[in-house]
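Two complexes are shown next, each including chain A; its partner changes from chain B in the first to chain C in the second.
Now for the complex of A and B:
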């Protein structure tokens, strides 16, 4: 069964400014999908639509086969959610928060919760507002995963954490994935985190999906070509090529991202534009993000 | 004066000015109301005015943004702590003085309105006796509040701080009241104390302010483990935590539910007529109907602050709305029940039928061309019945009261709204001169209609009236009861009807509770539905907050228009209340109509609640807190 299915999802907050302008993709069980995009690309909106917290103005969403706006309880019981902001009540104690989640999720796993509490050394009597940012994130993660959700949604979960706390956070998520086969949909600005955790990436840009591919496929089949602009080569001519995803103009060169292996890109550039001196290399995820998301903004 | 306008105490001044002016208006209204029910002289004692104005200052000192001495940025600038402290001290004083000025303006406005209305005696404000002591008291309060923890950039709201603030404000109020006849003395004492305190505080200031220290606490994981494994996670515990989450909102955090629901319960008590046990305040009960809705809706808005914390959890909107509204409903209902009990068990209840004889000054020719008004003393007699037994005439023509022997008089009446054809009339009373037999007949009819017991007019006339020149001129002096200590005991003016005829039992007033609940709870839920309708991701928090205030303005305008229209003689609250009570009594004439009214009211309340629920189920809860509290506006968590 498909876990999440977005079909032509549109959503705007102000008139004539679509945050999401026709997003279509689905997530299968056990997949770990990293959602990438610049600030304002629509990542959080998409995740909140999946949670049933807001509804699409056009298109449809199904989570576990049902519309989350129509069956919010059924959907939310199977989801663990860690938001970008700290939304745990700051004046409640950690033990009160845990007891609340235990009461709300019928599938709460005491053993998993206990192991996470011990691993994080979670201080039970302290109020959330007295915890460090990392500790508060750990409590949020604990509450999100201890009921063994079928889908874990993480919205910039490690934002603001130091590298050690981020590593701890990610390892816990990976461990959970390995243990119970949870499907994970997460957004992040940290490309190293995405590369560590995700096996598929979906890149949003200006409300649309720019790239939707397996991470391995991205490593093998995407290239960056550095081309000197001259009379034969321009941004427009590069973009007109079939496999070209985006072009960014720099002071002395054009950076073009292709959905092809480097050797094939050289061949295409030579054949189509007569360019023989292009430098083509495999592209890392972070570079890809900068070239595509940063270059067209 | 280093950027005094940037001080927190000044930045929010427009907000506080508005709130305190409204507060002063309400307090003065209550005082004038009390004076108006007691006598024709509305002039409140200077002490009362002093307390009203001081409460505006105290309100500002307690709830205003006076705890922050400077911004954090200013701590990084080369400005001495002394300069910053003086700036803040000056800002608090200036803001407080502005608040005082605003409230004095409100007093002056009320006095002007009273004089314009013309029906009541002019209210004068002794500015000289008020302004000096109050400004000096404010200076002392500002000095005392700023003397706490002189090294800190922002004062901690700890118990000791609040004890000092509340103690200082109460102490200064007491001092001003005690020395009220000698304003120079209270001014001098307060000024001297303020100078001493501020001087001592400045000497104690460090070279630079520091931030509030936060202590990291160490705690074991045991408790969290216990919460995860041992606690049952039962339903009631979940509800309790949901209640804590929703009801712990600014401005008073964990005290918010006590205040919000406390005021809700108080409104229930007032609207049920609980105050009638101590003082006749039936019109106030009617006028405060919109205010009851206002209070409940105000609490609802405040409690939506933390909704966003629950949006991702599997808690149904029905449950959230229940946790949001039910405590307020329970508090209001409990207050109403207490008020109903207080009213119905009051000792010496007023009889539903009464007879009064009073001498009054009456204008002979109010329309004299030369503008002079001449009055004469006349003996007024009238039969009084409970307002639910009065009548409504829609044609604009007052009904005539007739006797079997042909004596006919026009019924006492007044227009519900000036210029309208709807008349509120007394079917047993007339303003014209009547014979004693006619008055006795009217009294007899009233007793029969109200209590269902026949007492002949002859008996009543013989027993109660003193007659001279074929007019009732007094009630018989032997009606006065002599107490065990040989003192005259007349607990109330009028006839001792219930003492003389103990079998007279007050008939039920109709399904009053059902109607009063509907008139408050229905609009409350409808306003909540209106408010929640605008919970959309496309709406900014500022817009939603604007909707909330617009919603609050509706019942507030309802109440203010009631008061203003009655002050200017355009609307009679007594007639308005009477019309409502007549309608309520007519709905309770039989058990079936009683039950039908209850069912209809409950259905209407349920429908309005359902509407609010439907709006809430479709709402998109904002991702961050909406601070609807007027008191803590701009201080998001």
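Now for the complex of A and C:
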């Protein structure tokens, strides 16, 4: 069964300014999808639509086969949600927050909750407001996963955390993948985290999907070409090539991303534009992000 | 067996893992019959997605380097490889092509590439000997 299905989702907060301008993709069981995009690309809006927190103005969303706005309880019981902006009640103690969540979810797994508390080494009697950012996020994660949800939605879960706390967070996510085969949809600006966790990435740009591909395909079938601009080569002529996804103009060269492996890009540039001195390389996710997000104008 | 994974490299993580396991087998650090760390354990250890480890193991199994026994685990294969020689050659073509075009770009001559290959081969061989792995007669394999 498809876990999440976005169909032509549109959403604007003010007239004539679409945050999402027709997003269509679906997520199958056990997939781990990394949602990428610049600030303002529409990532948070899309995740909130999946949670049923806001409604699409056009198009539809289904989670576990139902509309989260129509069956909020049924959907929410199967989802775990953590976001950077989430605020836990500051004057409650850790054990009180956990008890609160336990009451909400019939499938709550006490053993999992206990093992996570032990690993985090956060005393249960401590008040939320006295916790560090990293500790508070760990408590939020515990509350989001101890009912063993079929779908985990993480909106910038590692935002504002130090590298050690981020790694802890990743380790917990991987433990869940190992034990429960949870499906995960998460947004992140940390490309190295995305590479460790995701098997598929969806990149949003100005409310639309720019790339939707398996992470490994991205690195094996995409490349970056550095070309000297001259009479034969310009941004427009590069963009006119079939496999060219974006061109970024730098002071002394053009950076073009292609959906082809490097050797093929060299061939295409030579054949189509007569360029013989282009440097074509494979591209890591972070560079890909910068080139594409910055090269779309 | 310890592996090192670098996120952010241009090489996909499953390929980094495949390369390190292959090197460990070629260098004798992993021997036929040795048991590999389970997929789940390795995912937890390296903090990478379990699917990524599975992909690396599946590929290596297809190459005939390891085999999985249901309920027992994954082991380094005893026989070299069930792939036929034509397939083996095909698999090697890509890296060879890459090596040669890199050499050309760097202005390294073909003769120098050959002598480099011989050097690396000797290194691998002495690594193997120092681990006292039974020698083959040199007529097959590198």
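Keep this in mind: the second predicted complex is superposed on the first by the 295 of 297 C-alpha atoms of A that agree within 3 Å, B and C clash if a C-alpha of one lies under 4 Å from a C-alpha of the other, contacts with A are read in each partner's own complex, and residues count from 1 in each chain.
Heads up, the rule we're going with is that a residue touches a chain if its C-beta (ideal position, glycine included) is under 8 Å from a C-beta of that chain, and two chains touch if they have at least 3 such contacts.
Worth saying up front: this structure is predicted, and the values here are computed from it rather than measured.
A.B. asks: For the overlay on chain A, clash or fit between chain B and chain C?
C.D. replies: fit
A.B. asks: A:263 in the overlay: touching chain B, chain C, both, or neither? Say first, second, both or neither.
C.D. replies: Second partner only, chain C.
A.B. asks: Of the two partner chains, chain B (first) and chain C (second), which one does A:201 touch, if any: first, second, both, or neither?
C.D. replies: It touches nothing on chain B or chain C.
A.B. asks: May I ask you to decide whether A:177 touches chain B, chain C, both, or neither, giving the answer as first, second, both or neither?
C.D. replies: Once the two structures are laid over each other on A, A:177 reaches chain C alone.
A.B. asks: Return first, second, both or neither, reflecting whether A:32 touches chain B, chain C, both chains, or no partner chain.
C.D. replies: second
A.B. asks: Report for A:286: first if it touches chain B alone, second if chain C alone, otherwise both or neither.
C.D. replies: second
A.B. asks: Should A:185 be classified as contacting the first partner (chain B), the second (chain C), both, or neither?
C.D. replies: neither
A.B. asks: After lining up the shared chain so the two structures overlap, which partner does A:4 touch, if you call chain B first and chain C second: first, second, both or neither?
C.D. replies: In the superposition, A:4 touches no partner, neither chain B nor chain C.
A.B. asks: Answer with first, second, both or neither: which of chain B and chain C does A:216 touch in the superposed model?
C.D. replies: second
A.B. asks: Which chain, chain B or chain C, ends up touching more residues of chain A in the combined arrangement?
C.D. replies: Chain A has more residues touched by B than by the other partner.
A.B. asks: Report for A:140: first if it touches chain B alone, second if chain C alone, otherwise both or neither.
C.D. replies: After superposition on chain A, A:140 lies in contact with neither partner.
A.B. asks: Taking the superposition as given, tell me the minimum C-alpha spacing from chain B to chain C, whole angstrom.
C.D. replies: 24
A.B. asks: Any idea which chain A residues touch chain B in the complex?
C.D. replies: Within the complex, chain A contacts chain B at residues 12-14, 48, 51, 53-55, 72-73, 76-77, 79, 81, 83, 85, 87-96, 98-105, 108, 110, 113-114, 117-118, 120-126, 130, 146.
A.B. asks: Help me check something: in the complex, which residues belonging to chain A touch chain C?
C.D. replies: 30, 32, 167, 170-171, 174-175, 177-178, 191-193, 195-199, 215-216, 219-220, 263, 281-286
A.B. asks: Under the definition above, what is the set of chain B residues touching chain A in their complex?
C.D. replies: The contact residues of chain B facing chain A are 214, 216-229, 231, 233-235, 237-238, 241-242, 244-245, 248, 253-254, 306, 308-309, 311-317, 537-538, 620-621, 623-624, 637.
A.B. asks: Please name which positions on chain C make contact with chain A in the complex.
C.D. replies: Residue positions touching the partner: 5, 7-15, 40, 43-44, 47-52, 55, 97, 101.
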